[in-house]
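Paired with subunit B in one complex and with subunit C in the other, subunit A is shared by the two complexes that follow.
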Partner chain A sequence: MKEFAPLLHGYWYLFRGAGMTLLMAATAVVPATLGGVLLALLQMFGNRFARSAVVAYLFVIRGIPLLVLLTFTYYLLPLTGIDLPPFWGVVVVLACYYAAFMSEVFRAGMLSLPRAQWDAARSLGMTRRLMLQIVIFPQALRLASPPFVSLCVSLVKATSLVSIVGLWELTMASREIVERTLAPFQIFLGAAAIYFCICYTLALYGKHLERRVLGGH
Partner chain B sequence: MLFDPHFIARLIPALLQGAEVTVELAILTFAICLIWGLIVALANSSRGPLSWIAGAYIQIVRNTPLLIQLYIVYFGLSMIGFGLSGFASGLLALCIQNGGYMAEIYRGGLQAVSLRQYEAGRALGMRRWTLYRTVIIPQVVARIIPPMTNQTISIIKDTSQVAAIAVMEMMKVAQVWVESSANTYDVFLGVAIIYLVLTSVASLGGKLFERRLAFAQ
Partner chain C sequence: MENTLSDASSAAIDIVPAQQRVMLEMSGVSKRFGALEVLRDVSLSVQTGEVVVVIGPSGSGKTTLLRCINLLEDYERGIVSVDGEPVGYRLDARNQRVRLAERDIAAAREKIGIVFQSFNLFPHMTVLQNIVAAPVRVRGIPRARAEARARELLAMVGLSDKVAEHPVRLSGGQQQRVAIARALAMDPKIMLFDEVTSALDPELVGEVLAAMQQLARDGMTMVVVTHEMSFARDIADRIVFMDDGVIVEQGKPDQLLFSPRTERVRAFLRRYNDRYRI
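== the complex of A and B ==
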């Protein structure tokens, strides 16, 4: 039992780290979603220049590991003279990275609507804005919600990478405790269990949404 | 100095050496997971306790970060006397995680073939093997290639995380060069380009394979 006393403190520390992980993921998911919608709209309705800019952006972001982008920002930000706290730095990188994947999800949602929906809206003389607002978006968002939730799971897992560039969250917290207690198995498994609780809850919610989407047709 | 030709002349061979390790890791992971994922998927679709174990495995590895799995394998195993080299730990962790994703891809492919296809084959008096070889497997393969291609891209990007346990793959090489030279732009531009080439090759290969199959059908 004696060996477990420091570990108990360790587990408490892990929970605090998990709070930071959740805060980071929740902060990043908002701009990532907005950016994803914007990119999807630009790719579908923008002029030729906007479309090719979006395609180039998606190609670059989806072809480079997140860790490379994070490390790049970590080394680069001080050189450019932009004075951004590290937390906001990684939130920006996470948001830029996930916006690319979100845009694919939203675009797929809009494209998978039957053509008749677009035609019907147009034949009623709706403006594009009105058509998107009351016909396309409500249905597309419902279709896109299950893959959106899987991206949220992926985002929560991806926050672990910020520990490599020195930010404090769940993974960093677990590494600190392992350095002190030399109990990698117990601590890392504890961290894995916390990640699992967060991500599996989200995944179950995604499953639930998926059943509802499939049931609605 | 940006674009220092002498620096780049020394940098490129070093990065390519790291890229070799990246490619080795990615190919080995892909090959092993192709088989391991199938085994897990078949176990998951069987009846009995094996199915339950496979299901739990899939959920656990998909809902915890690769980085934590990497730490458990690398630091945890060495603590209980099964110390593996960095490369072997990295490969093992990559296979553990991606095996779960591959299993889900196989499951999706198998589920997408409707039961009527089996019934139709049997009604034509096909033997089980003939049925699978000529009817079921071609359809499953056609369905799983696009998600498999995406997974391969994700494997290539995931190998960068192995840098966290000091394996000298491309990401780690880049880090060492940035820290010893302060030539951040050149190094990261090089790394980004090589990753983009690698992921583009994977995506192109998937597309070619898809097209060849489309002709074969």
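== the complex of A and C ==
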């Protein structure tokens, strides 16, 4: 038990780091989701220019590792004269990165609805906006919710990368304690347990949604 | 003398009675899927209150014809109008086709009810929500009034007890009757039925046909695509036979079914009778 003393002393610091991790993930997930819906709609209903732009964006984003994107932005932003606090800089990068993946999840949800649903809505005189609002989205979001939750889990874990660009969160907090205590195994075991608890809770929720989706069909 | 005058004036009025107004006019509609010509220069006129049944072999273009009426299927040539208003395209001063704005197309579709082979109810809504969604959100009818009308329609199709159910808990026949009620809730001028009994178990077909018969008796203008020949004979004012994307023959039910003029219709009916022995 004595070996775990550094963890017992540092647990509060780790929890504060976990709070920051959660705050960052929760802040990024909102614009990522909205951006994902917007990109999916543009790709499905935009004019040719908008569709090409979205496809190009997805192609680029999916081909670059998040860590490279974070580091690149970290060095690029000061050069452009944009003075963004590091927290918001990271949130923007995470949101842009995950919006690309979320758009595919939402698009798949919409495309997986039978064409007959679109026909039925159109035949009742619904405009495209109304059709999306009351017929397509409610069903597509339900279908998309399990993979959406998986992406949220992935986003939470991805926040650990931001410690590389100097932002303080759970992984950074762990490294700081390790530097003081020289007990990397115990501290990172604690950090891993916290990450696991957050992600496992989300995954359980995803499973619950999946059961609801499967039960409804 | 007075009698004669009065007879003459009533005859004059009867020359164009209300029932004889054209409700649906399709002229020169052509549609292709890639290299395949599905409709070739099809023209069809349906009077107000008339029930037209479209029959023909699979792949003859019946369903496409129906879907072109409310522009669920786009077509390359021709014009469709319902109740005197264009549905998808209008002709400009130089007789060129001009596509209507999306909003105008949506408005035109409100007048055309369609019931599909596979019901196409919205699975995330209850029966009542399925029926009131469009009247409330598209036509702006107050919810209470739309719900009262929906309950009337459900009573008409014999489903008053299913108001709060979700479609997944209904049988095929029940779902199809809800779909009929949903289309009627928009107070359409014309109803289109696309093989509405083809996906049903044989014992559920009767309940759907009965609802349609009731509608025809109430004077609804209907275009019905079906394989149910005896039903066609009972309900139709006119039967249209399609093959290979064209209307081959049309006429009164007894004339077309028992003394067809074309060999193509005779052959079709022979094959049909051999198979079903009706």
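By our rule, the second predicted complex is superposed on the first by the 210 of 217 C-alpha atoms of A that agree within 3 Å, B and C clash if a C-alpha of one lies under 4 Å from a C-alpha of the other, contacts with A are read in each partner's own complex, and residues count from 1 in each chain.
Here, contacts are C-beta pairs under 8 Å (C-beta built on N, C-alpha and C of every residue); 3 or more make two chains touch, one makes a residue touch a chain.
Computed from a predicted structure; not experimentally measured.
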Fit-or-clash call for subunit B and subunit C when the two complexes are aligned on subunit A: fit
First, second, both or neither for A:T181, with subunit B first and subunit C second: neither
Subunit B versus subunit C as contact partner of A:L76, first or second or both or neither: first
First (subunit B), second (subunit C), both or neither touched by A:R128: second
Computed vertex angle (subunit A) for partners subunit B and subunit C, CA, steps of 10°: 100
In the superposition, subunit B vs subunit C on subunit A residues touched: B
Partner chain(s) touched by A:T27 [first = subunit B, second = subunit C, both, neither]: neither
Contacts of A:A120 with subunit B and subunit C, given as first, second, both or neither: second
Partner chain(s) touched by A:Q139 [first = subunit B, second = subunit C, both, neither]: second
Subunit C versus subunit B - closest C-alpha approach in the superposed model, Å: 24
Set intersection of subunit A contacts, subunit C complex versus subunit B complex: none
Interfacial residue positions of subunit A with respect to subunit B in the complex: 59-60, 62-68, 71-72, 75-76, 79, 153, 157-158, 160-161, 163-164, 171, 174-175, 178, 182-185, 188-189, 191-192, 195-196, 199-200, 203
Subunit C contact footprint on subunit A (complex, rising order): 114, 116-117, 119-128, 130, 134-135, 138-139, 142, 216-217
Subunit A contact footprint on subunit B (complex, rising order): 59-60, 62-69, 71-72, 75-76, 79-80, 153, 157-158, 160-161, 163-164, 171, 174-175, 178, 184-185, 188, 191-192, 195-196, 199-200
Residue ranges of subunit C touching subunit A (in the complex, touch as defined): 70, 72, 102-103, 106-107, 109-110, 112-114, 116, 118, 120-124, 133-134, 137-139, 168, 182-183, 186
